[in-house]
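One structure is given below, encoded as structure tokens.
In this document, chain identifiers A, B, C and D correspond to the written order of the chains, with residue numbering beginning at 1 in each.
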Amino acid sequence: MAEPTISTPVNKVVVRFSGDSGDGMQLTGSLFSQSSGLAGNDLTTVPDFPAEIRAPQGTISGVSSYQVQFGGTEIYTPGDKTDLLVAMNPAALAANLKFLKPGAMIIVDADEFNRKNLKKAEYENNPLEDDTLSDFRVIKAPIAFMTKEALKDMGLDTKTIMRCRNMFALGLVYHLFSRPLESTVAYFEKKFAKKPEIAKANSKALQAGYSFAESTEINALSMHIPPARLRKGMYRNIDGNTAVAWGCLAAAEKTGKTLSLCSYPITPASEILHELSARKDLGVVVFQAEDEIAAVCASIGAAFAGNLSLTTTSGPGASLKSEAMGLAVIAELPLVMVNVQRAGPSTGLPTKTEQADLFQALYGRHGEAPLIVLAASTPDDCFEFAYEACKLAMEHSTPVILLTDSYLSSGNSPWRITPPQELPDINIPEYKGAPEDWQPYQREAEYLARFWKYPGQARFEHRIGGLEKKENSGNLTYEPLNHELMVKLREEKIARVAKKLPKQNVYGPDSGKLLIVCWGSTYGSAKTAFTELLEEGHDSMGFTHFNYIKPLPENTGELFSRFDELLVCEQNNGQFAAYLQTQYPGLKIRNYNKIQGQPFFVDEIKQKIRETLEESEYAG
Amino acid sequence: MAEPTISTPVNKVVVRFSGDSGDGMQLTGSLFSQSSGLAGNDLTTVPDFPAEIRAPQGTISGVSSYQVQFGGTEIYTPGDKTDLLVAMNPAALAANLKFLKPGAMIIVDADEFNRKNLKKAEYENNPLEDDTLSDFRVIKAPIAFMTKEALKDMGLDTKTIMRCRNMFALGLVYHLFSRPLESTVAYFEKKFAKKPEIAKANSKALQAGYSFAESTEINALSMHIPPARLRKGMYRNIDGNTAVAWGCLAAAEKTGKTLSLCSYPITPASEILHELSARKDLGVVVFQAEDEIAAVCASIGAAFAGNLSLTTTSGPGASLKSEAMGLAVIAELPLVMVNVQRAGPSTGLPTKTEQADLFQALYGRHGEAPLIVLAASTPDDCFEFAYEACKLAMEHSTPVILLTDSYLSSGNSPWRITPPQELPDINIPEYKGAPEDWQPYQREAEYLARFWKYPGQARFEHRIGGLEKKENSGNLTYEPLNHELMVKLREEKIARVAKKLPKQNVYGPDSGKLLIVCWGSTYGSAKTAFTELLEEGHDSMGFTHFNYIKPLPENTGELFSRFDELLVCEQNNGQFAAYLQTQYPGLKIRNYNKIQGQPFFVDEIKQKIRETLEESEYAG
Amino acid sequence: MQAEVKPHTVAYDRKDFMTDQHVRWCPGCGDFMILNTMRKVFADIGVRKEDFTLVSGIGCSSRITYYMETYGIHSIHGRAIATASGVKLANPGLSVWVATGDGDCMAIGGNHFIHAVRRNIDLNIIIFNNRIYGMTKGQSSPTSPEGLKTKTAPGGVYERPFNIGEAAIGCGASFFARVPDKDYKMLEETMHAAYKHKGTSVIEVLQNCVIYTDGIHEQITSKETKDENQVVLSHGETIRFGKDDEYGLVLNGMKLKKEKFGQSIPDEAFLKHDMHEESSPFHLALARMQLPEFPVATGILRQVEDVSYDAQVYNAIEAAKKYTPYKSTSDLFMSGNTWEVK
Amino acid sequence: MQAEVKPHTVAYDRKDFMTDQHVRWCPGCGDFMILNTMRKVFADIGVRKEDFTLVSGIGCSSRITYYMETYGIHSIHGRAIATASGVKLANPGLSVWVATGDGDCMAIGGNHFIHAVRRNIDLNIIIFNNRIYGMTKGQSSPTSPEGLKTKTAPGGVYERPFNIGEAAIGCGASFFARVPDKDYKMLEETMHAAYKHKGTSVIEVLQNCVIYTDGIHEQITSKETKDENQVVLSHGETIRFGKDDEYGLVLNGMKLKKEKFGQSIPDEAFLKHDMHEESSPFHLALARMQLPEFPVATGILRQVEDVSYDAQVYNAIEAAKKYTPYKSTSDLFMSGNTWEVK
């Protein structure tokens, strides 16, 4: 058996909790994440659960896992591979071996490795007893037995007791990382306020796991991860979907607008709808429409009526909405559409992640129909970019598409709770003249936005729609030159948004051979890969990451020109790279694409960058 | 008054018939086109009628016109401006002055220039009596009066008689161009077989017009246009929509397949649906669906069931179909979608032409969803490219989008009726093995097409759908590498179609400073402009026109490399140019875009080319 | 809680609802009558001009938006109701009207139609039923009668048409009326009733398209034949029709039967119209009546009270606000597990 | 002319319709019963395996396509009926079945549903009605009952649900049946009847979702309560229910009333079930019956003969072929005004 590689102190660790879908691994993992946050660590998490609603118990297809990377430094990804695996049954072990670092530690519930469970996991022999795990440090804990022992006097039925195994395991892990138990115990008391015995059972199991660790070999391994130097403030863990919902809530509150969400359920976007359905208490008007077309049309109606209007979906729904998005463009109404991308085409791999709806966001409407496209990069900055999407939509009287993805939506990262006063102002162009002088397609001079006037406002009655309009008056006209003018005005309006955007940054050297380029959720892996390579001494490369896709920040072209070549890393077949070619013809671009329904691993990107640097060395 | 500029003999002439919507101008024009075809001329026509179903009679908004250019040479456009205008009332005159060449001839029905009509046409004074028309040669013919005279003994009511004014005018024009009357008279006899007095009235009016011309100053002007040297064969005039319908019929007949059309009406695509609805006699199964989504899904069903499957629409409908087109891509079913483009975005200018749905055709689906994109260039080659679309769809088991547009759909050009044996073979990949060995996603080696097996075929039962499939077997799988493989396979399958395509041609010098590039229906104006400039001695430029958009012909890159610069002319904001940048990064491209809902004029393109050549001269 | 529409104080004239846009329908089109009546009703209804929103789809009928001086959206084909639903939910204080065609509403827009009536959202939907696609020049619509020759059915329509009333009531409509375009008095009254009805009001107007289906409703609506062929329903009154009101309806099981008054059947056996009857089969049976067996029923066939969807949405919001610990986003963001980095 | 489905000669077993795919529903899901019954019916029906096509949308229910060894399309969400319509029209000789969920069919797919029943295209549509979105983990569907707590209605559903039968019949359905998932005998018979019915057959299966709406149909279908709460309709027979079949239905105007047999009301006054009655209000009234006032009607509520849409399409084709001068594309292309260039 190999020696544990987790040395004390280390700077970041990847832990993976894994068990049957019924074993409560998501809760276990998220409690552990909370405790890491409380310990001042930065972290990123990702769940990994079966596509089926309820897969057969005990089998590999029924395994549910939760991975977290946390550390005393900035953490951008949940980690390529695992340092510590908690496997609650043989299936969980079998399913996860491929995710382990060599020498990783494995804690198993040894009691579950019986004939029946081994068979379900398709093990012929007990892996705890042959050399399957010889590369790892294995802790065989009698979790089931010990949990039963700990709770035996409480008068609970076996099923209830066995449900507390996960907390025993969590106790073990808490000990390993010297975590206090109080806040978790408090959580139980609150959550099970009406069932105090359940609260108690969970607390007891947690305590028992902790104590068990203390008295066993695990004790020798326990380690301390130092806190990360995060910005001061209040924090909480947040997933990408909740962050989107909250970002829009914040924008509504900032502007005093009512938030309307018109949507139709679809994986992996549904949770935004769920969260806002529960936010009637904050006055959100939620309309679960009969389909995506109704949803987007109702959002157009809501925007016309003066609300901050949102519609949320994933790829298939985004396709259905494309006709109406064209209406929003020509009507020049503020509207935010969030596309939580999943792997396509068509139904594709609905629970897997991808970035392949970029083309559609940019180009997926008939006619010339430009709009703003943004992309979030981490679960927590989904808040910021949802807010930004609302802001830009209202300030520029235009639909905005915000791209997130399955990975961001299900991942968690600590979010610094932005105090309201720190949120950027939202300045909706205000019409100051007399109603008689107002015209529906009159524009504010700097950014060409229309002035938003809506029902209920006397003397601003007007009609809009999908037919081409006369400049300013908005009256219908077939005049050839007016059409050309309006097409150009709509394009120019979006182009001018660039003036307002933050400058695009380069990390690392600001000129050189290779610029690593990515957008949206590839941020985490690419940034980590880049940082590590920088630390390893590679200094002829820079790194830049895009959240503003259309328009691109003003200095983008200049920035690109400082590097010989670009390496564009994205989870599709090269869409952003192709888009960049159209914006800055003649760029020398290499594509690095991963289209596997899962995010890049840091090591993959590092490897690719190294290769590219070598090749260009060789070529140059 | 200026002298007429139409000299005898000339090589091409533009004639425009114009009158009130009720005056039968479309029929008059098309009879004239027929006679031009019979006279051996090449020609192209375009109608121009009110957007309203029935605009107020006698007003400018109620004017309906029909323009034809014909000649003894190849004719690619209906002509920028008119040599001869026939104006049946003051409104027609007022509406069309801007379309006249200086010195053009105008034939008016002088009887209609009364106070009432002048007022409706917004004339304060009678333009026949002031100097409004001093630049033109005006023939004031008493058409109404003469028609009445000619038919007065037939016992017809005034309304019926006045309906024959157009034929009197046509008789006049026939005389001008020395056209025989027989075939038109025969047409009346056939068309009004059940109302012989109507047939006779029309013939008489035609004859009367002809005779009137003989006995007046018009006689002196009559001229002869020599026949064009067209390829031998039978010809007829055809518009783009009929040509599309017929091309698909021909492909169905060639393969022995039943043609299914599932569609929903939309301007300007409806006529394809109308024509095929009338082609039940040739066994076409037409389904007018409840909406575009039903239409495209039903076409997918029909394709799965083994029919040659077609769906037709315009921009808004194409947007609605985008989700299902993704299904057709992943299901790898043969399916032809025709998008008769109109000016967008949204409802846009529904009766006007544009080429702005190219981005949507290429990129308008979520996920990586590649398919074949073709574009027709003239009304008559809509036949050829519809046939080609059907052929490629079936040979490569893929959806194909064929782009035509409003201009092609309403224009007419002579079509050489392709004899069945001249049509290219359609070789649907045939599976030759045993049913047990067949797999749904098995591929033919050369082009990677799937083998099409459908219900009714025993032992090939299988299931397809929108979820990602395992290579070959088509079973559902979430395997990461399989997904990447399948994405690449689908892309590669489309890319390989290029091997089969005709080489891209350059007209004129095959290398030089400037390559004029266009696609789809800009062919006519661009080719004419180019040819004229070539004749004027500009020899540092070539011209190339694309019908195959995705994939591009194999030699495209090489061809581009022979020119310093490209001038891409298109009716949108630069979509094809942007697409070319993604395919051949680093091209030096100038855009020439017209977004006015109407085609390029030849002169506009000539002007632009001249300017560009000068600039690059200067720059170089 | 549902925001109440604010009544206006100034008196309006129908001219106040005219726009500067040229009306582009064919001379003689039935749409003109609907437009005129709508202007009158809007002027009289007691709602401030700025509190109306008129939403339409695409079609000849849908052009009406440009001719009414209120807020309006000329949306996309088939989506008027969906768009209007968003307007109403965003601001339930508005009086929201929908103008739509038989194609717009019953073909491409069918799904939004059935869901609107199911939910009972407070929209007033006017369906201009000319039984054809007018704007696109004469293709069959889902209400085109069998046998009609159209551009897409050159041999005659062979699909069974929708009976709009039956479909609406089957899908849960709380208000359905059918009105000939030329009966502006009936149209006016019906529009007032629709306005008052809190929930989805569906008015099918038998609209004449002079170009493609001229005279299609003539049998029902013409002076000469309407006594026989049309039965104008009036709540609470015995159903009567015929030149001298000599016919009525009686029940035979659940089927309607046409009978003559004053013959063998006692007067009490003749049906009265009860538009408020909650159970729908009676209204369905009325909606189904067709020539030649029966006269066609016009007037308000059904009007039953039920809470509207928009009211329910706002009720739910009020209820949620009452019991929540979150009064602002900060409360929400700070809830649950948080920690401080100092 | 409509191509007839070719009968098979080999005898099938239900195993012949099993595929090699692992069935991925939650243990105990009602979908299993539908799958098993479908396999049995397909084996017994007399159609060759290759002449079946099963089309589904997206949802738990729609997965069934992968488990039936026939031709099949797992299409996109809401589009099963549209896709199936294309299959049937392309090859009317096929026996085309649709499997769809309450969300798939009645939410996003609503338009295709109402148009299919209007046209009466010969599809056999099985709606797995678990009154929830199963696959996407528990959002309200248009059949979710008021008050149900769902992910999108945490305070309880406040929309009025569709009554599928009422909507179907209102839109013109010629065949509608309602069957509990566990009653595999009834399901089997109903599927056979649907197969025989030429036109659109709609079967609503009351399907249990063990995860999100477990027991939602229990009141109607459970052993203990079904005698009281379910009335199984049988054509031509008097409608009876209750522990001892002691209750029946009588008419009160057009309304149904529940009454006890053998009391004051004469036996002849009790209603018999006539599924073939062309007029729909009776079937609508049956479809509308709801707890607690009435038992819920199951079995075949309505089956009336009418020509199917696909038959009409092919009739029109035959007719057109008979009278046309065009026998080939050449005839067509050479028709009208042509000229020769020599």
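One rule holds for everything that comes next: a contact is a pair of C-beta atoms (placed from the backbone, for glycine too) under 8 Å apart; a residue touches a chain by one contact, two chains touch by 3 or more.
Keep in mind the model is a prediction, meaning the values are calculated, not measured.
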Most remote chain, CA-based centroid, reference being subunit D: B
Winner on C-beta contact pairs when B-D is weighed against B-C: B-D
Centre distance in Å when subunit A and subunit B are each reduced to the mean of their C-alpha atoms: 47
Subunit B-subunit D separation of Cα centroids, rounded to whole Å: 45
Separation of mean Cα positions, subunit C and subunit B [Å, integer]: 41
Computed distance of Cα centres, subunit D from subunit C, in Å: 29
Residue numbers of subunit D (touch at least two other chains): 58, 74, 76, 107-108, 110-111, 115, 142, 155, 313, 316, 319-320
Multi-partner residues of subunit B (each touching 2 or more other chains): 51, 280, 286, 290-291, 293, 316, 323, 327, 331, 346-347, 465-467
Residue ranges of subunit C touching subunit B (in the complex, touch as defined): 24-27, 58, 60, 74, 76-78, 107-108, 110, 133-137, 139-140, 142, 151-155, 210-211
Subunit B residues touching subunit C - in the complex, by the definition given at the top: 51-56, 264-267, 270, 273-274, 277-278, 280, 286, 288, 290-292, 316, 346-347
Complex contact set, residues of subunit C against subunit A: 19, 21, 48-53, 55, 58, 65-66, 69-76, 79, 82-91, 93-94, 111-112, 115, 313, 316-317, 319-321, 323-324, 326, 328-330, 332-334, 336-342
Subunit D contact footprint on subunit C (complex, rising order): 107-108, 110-111, 114-115, 118-120, 142, 155, 158-163, 166-172, 251, 253-255, 279-282, 284-285, 288, 306, 309, 312-313, 315-316, 319-320
Footprint of subunit C on subunit A - complex, ascending: 34, 37-38, 40, 183, 187, 227, 230-237, 246, 249-250, 253, 258, 260, 262, 279-287, 289-291, 293-295, 297-307, 309, 323-324, 327, 331, 416-417, 419-420, 454-467, 475-476
